[in-house]
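Listed below are the structures to be examined.
What follows is chain A paired twice: with chain B in the first complex and chain C in the second.
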Partner chain A sequence: MNSATTTTTETQTAACIECGGELQFRRSPRLGQVVMCSGCGVELEVVSTSPLALELAPEVEEDWGE
Partner chain B sequence: MRIAMLHNRLRIEEEMLLDALEDLGAEVVAIDLRRTSFDLMNGEDWRQYDLVIDRSLSLTSSLTATRIIEVYGVRCMNPSHSIELCSDKLRTSIELERAAIPTPRVMIATSPEAALTAIEEHGYPVVLKPTIGSWGRLVARVNDRDAAEALLEHRSTLGSAQQGVFYIQEHIDKPGRDLRVFVVGGEAIAAISRSSDHWLTNTARGAEAHGLPLTPELADLGQRAAACVGSDVAAIDLLECPQRGLLVNEINHSMEFRNSISTTGVEIPRLIAEHALRIAGATSGKRRQEGALV
Partner chain C sequence: MTTRVSIVGANGYSGGELLRLLLAHSETELACATSRSMAGQPLHRAHPNLRGHVDLMFSDPEELTPCDVLFLCLPHGVAATEIERFLDLAPLVIDLSADFRLRDPETYARWYRAEHPAPGRLGEAVYGLAEVSRASLRGARLISGVGCNATAMNLALLPLARAGLIDRVIADLKVGSSESGASSSESSHHPIRSRAVRTYSTSGHRHCAEVHQALGEMRLDATVTAIEMVRGVLCTAHVDPVERVTERELWRLFRDAYECEPFVRIVRDRSGLHRLPDPRVVAGSNHADVGFAVDQESGRIIALCAIDNLMKGAAGSAVQSMNLALGFDERAGLEFPGLHPA
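Showing the complex of A and B:
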């Protein structure tokens, strides 16, 4: 879980737990939100909003789809 | 109005829907099914909602949750019965056939031997699909007997019991694309084409989405298909057959639309949210009426 987060009046940032790159949230993150790191392409899930914390998003499972 | 949205991860689509619902003044709660359990004897917590929108990526979770929530007397969008019909290609095909909606020929077998016989009698190529699955996974074009024998043996040996139902579809020589019609509340709202150099044209497999004029024929087929499976919201996939024209291929109950808003110019999440509020409003009114009668 990541704890290296920064909050400004407009954006919140967090470090990618895979590559350390910076992730920016232009609006308040939602619990369960999935974001992709533009640095390494890994998908991360917001597991806590206060404090902001990320985990690797779960892998696609067999019964997932449209 | 109070609306719950079921999910197991909040993707761009779910965020857009939450935003659209909130913009329309709904009180919305996102409920993560990975962290949810149900008490079959007590659905009081769920009865506070006028509507539950299912947006779980997991079919198992979707069906489990909506079946239970409906027992509590709460309306789900889509209803569990519609999810059942859309998620199972065999059941979708049966409903399309029953409604006389043009669709590719489908053969079903429950043993590899019977499947091989059906394929040989039909002729090559055919498309072999799992009855339950999405995003083009495990969908295979079978070009000859060698491939058929190998695929059927692998499925029956390595697959789950569900893989033992062989869904064999005639191969449609489509022009490098398939079509998709979005239907919300019984009305076709937008259409796209999905183009790819690969014979599979799922955007999940890299196909590109392009806006498409919503012709009366597309709208009619889309609306009839959505109606035959009882969907509030659905994406209907169609193939262009050189001989028979448009054929309904599949129906998606929890559609993705992130790439179809700018390409069509249609605010798909807004239209879904508006329909959700219409359903929620009707439910809320009905409840008030019932409450007044008690």
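Showing the complex of A and C:
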């Protein structure tokens, strides 16, 4: 899923696809890199660097109901 | 110059929490703590955690002298009968009971099944929940405490109510044993209370009145269940919205409502153990943790709030209100982050 991105000379930012919070990349994002949103704690995977695109990273679900 | 504070009815749990907070508060000095049943005994007899922190003895309520702030921790219905005397003793009175929470005498009579003893004072009292009445608390003369269950519901629902999103709410509340106070009863007898999962109020809980007053009239029902917990309330509010929303939109609403609030934290993590509000995490603190989710099938919003009933649901909000009323730092005396594990 694409996310809105902006780039400054030092930092590239993107909006978290979960909560809309700002993610900052101090170095150029790498394909497959997993980053965590400090707002909602979701882990996001970089699936494209140009344009920058993020997807929810796979996560372990909690299920005590079985 | 320090602010001299006194507490009436200081032997109960809310009084004990006030003592703990005010003894560590940078702006206050404890003048007097009354208890009719424990007059002449050291405060640590009722509150063993305060041993070594204070030399005062409990006083008889008749020995009260003028002070700067008077906190009332009396059973419901008592403060209102003596409010004129208390207002004569201090320029700021903060009543933690339910006596001055509702502004309208008829509403009070409907929910508390009694005529209010001092209806003329109801309009003057400011509801002591900073998140809904911060501006009115500044310079207030009479402040009411908050209902603990009401606070959990109010803070879970406030962003949704402000956005006009609520069609109907069913709030499920899970509560700890300290909600029923320091006096023992049949329901607090250990073989009955221990390991309880006992629903004691299915609908019509009095604290709903505080939600209607704070957030506006809405279709609201609350069910309250006593669980194995000493401190804490968890409100899980199931909201039928007037229109479908996404979780991302809820993020925006909750951030707009709470990002400037010093004690409300949004807890909605995707990973880890602590993904949603949990009352154990806020035990002993003035934090209110709020969270949310959307049922993708039905569109139902699940809004949550966890508080410590004795803190954000009672003494903590009272001290926060005092800080605002007197122009202190709103966080003063309330910075404790809680214990983990608790």
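Just so it is clear, the second predicted complex is superposed on the first by the 59 of 66 C-alpha atoms of A that agree within 3 Å, B and C clash if a C-alpha of one lies under 4 Å from a C-alpha of the other, contacts with A are read in each partner's own complex, and residues count from 1 in each chain.
Throughout what follows, a contact is a pair of C-beta atoms (placed from the backbone, for glycine too) under 8 Å apart; a residue touches a chain by one contact, two chains touch by 3 or more.
This one's a predicted model, so the numbers in the text were calculated from it and none came from an experiment.
*Asks:* Looking at the overlay, does A:Arg30 come into contact with chain B only (first), chain C only (second), both, or neither?
*Replies:* first
*Asks:* Please indicate which partner A:Thr13 is in contact with in the superposed arrangement: first for chain B, second for chain C, both, or neither.
*Replies:* Neither chain B nor chain C is touched by A:Thr13.
*Asks:* After the superposition on A, what does A:Val42 contact: first (chain B), second (chain C), both or neither?
*Replies:* second
*Asks:* For chain A, which residues belong to both interfaces, chain B and chain C?
*Replies:* 62
*Asks:* Under the stated contact criterion, what part of chain A meets chain B in this complex?
*Replies:* Interface residues on the chain A side: 30-34, 45, 57-58, 61-66.
*Asks:* Residues of chain B touching chain A in their complex?
*Replies:* 7-11, 15, 18, 30, 32, 57-60, 87, 132-135, 137, 235, 252-256
*Asks:* Hey, which residues of chain A end up touching chain C in the complex?
*Replies:* 18-21, 36, 39-43, 56, 59-60, 62
*Asks:* Please give the residue numbers of chain C that touch chain A in the complex, ascending.
*Replies:* 247-248, 251-252, 266, 268-273, 275
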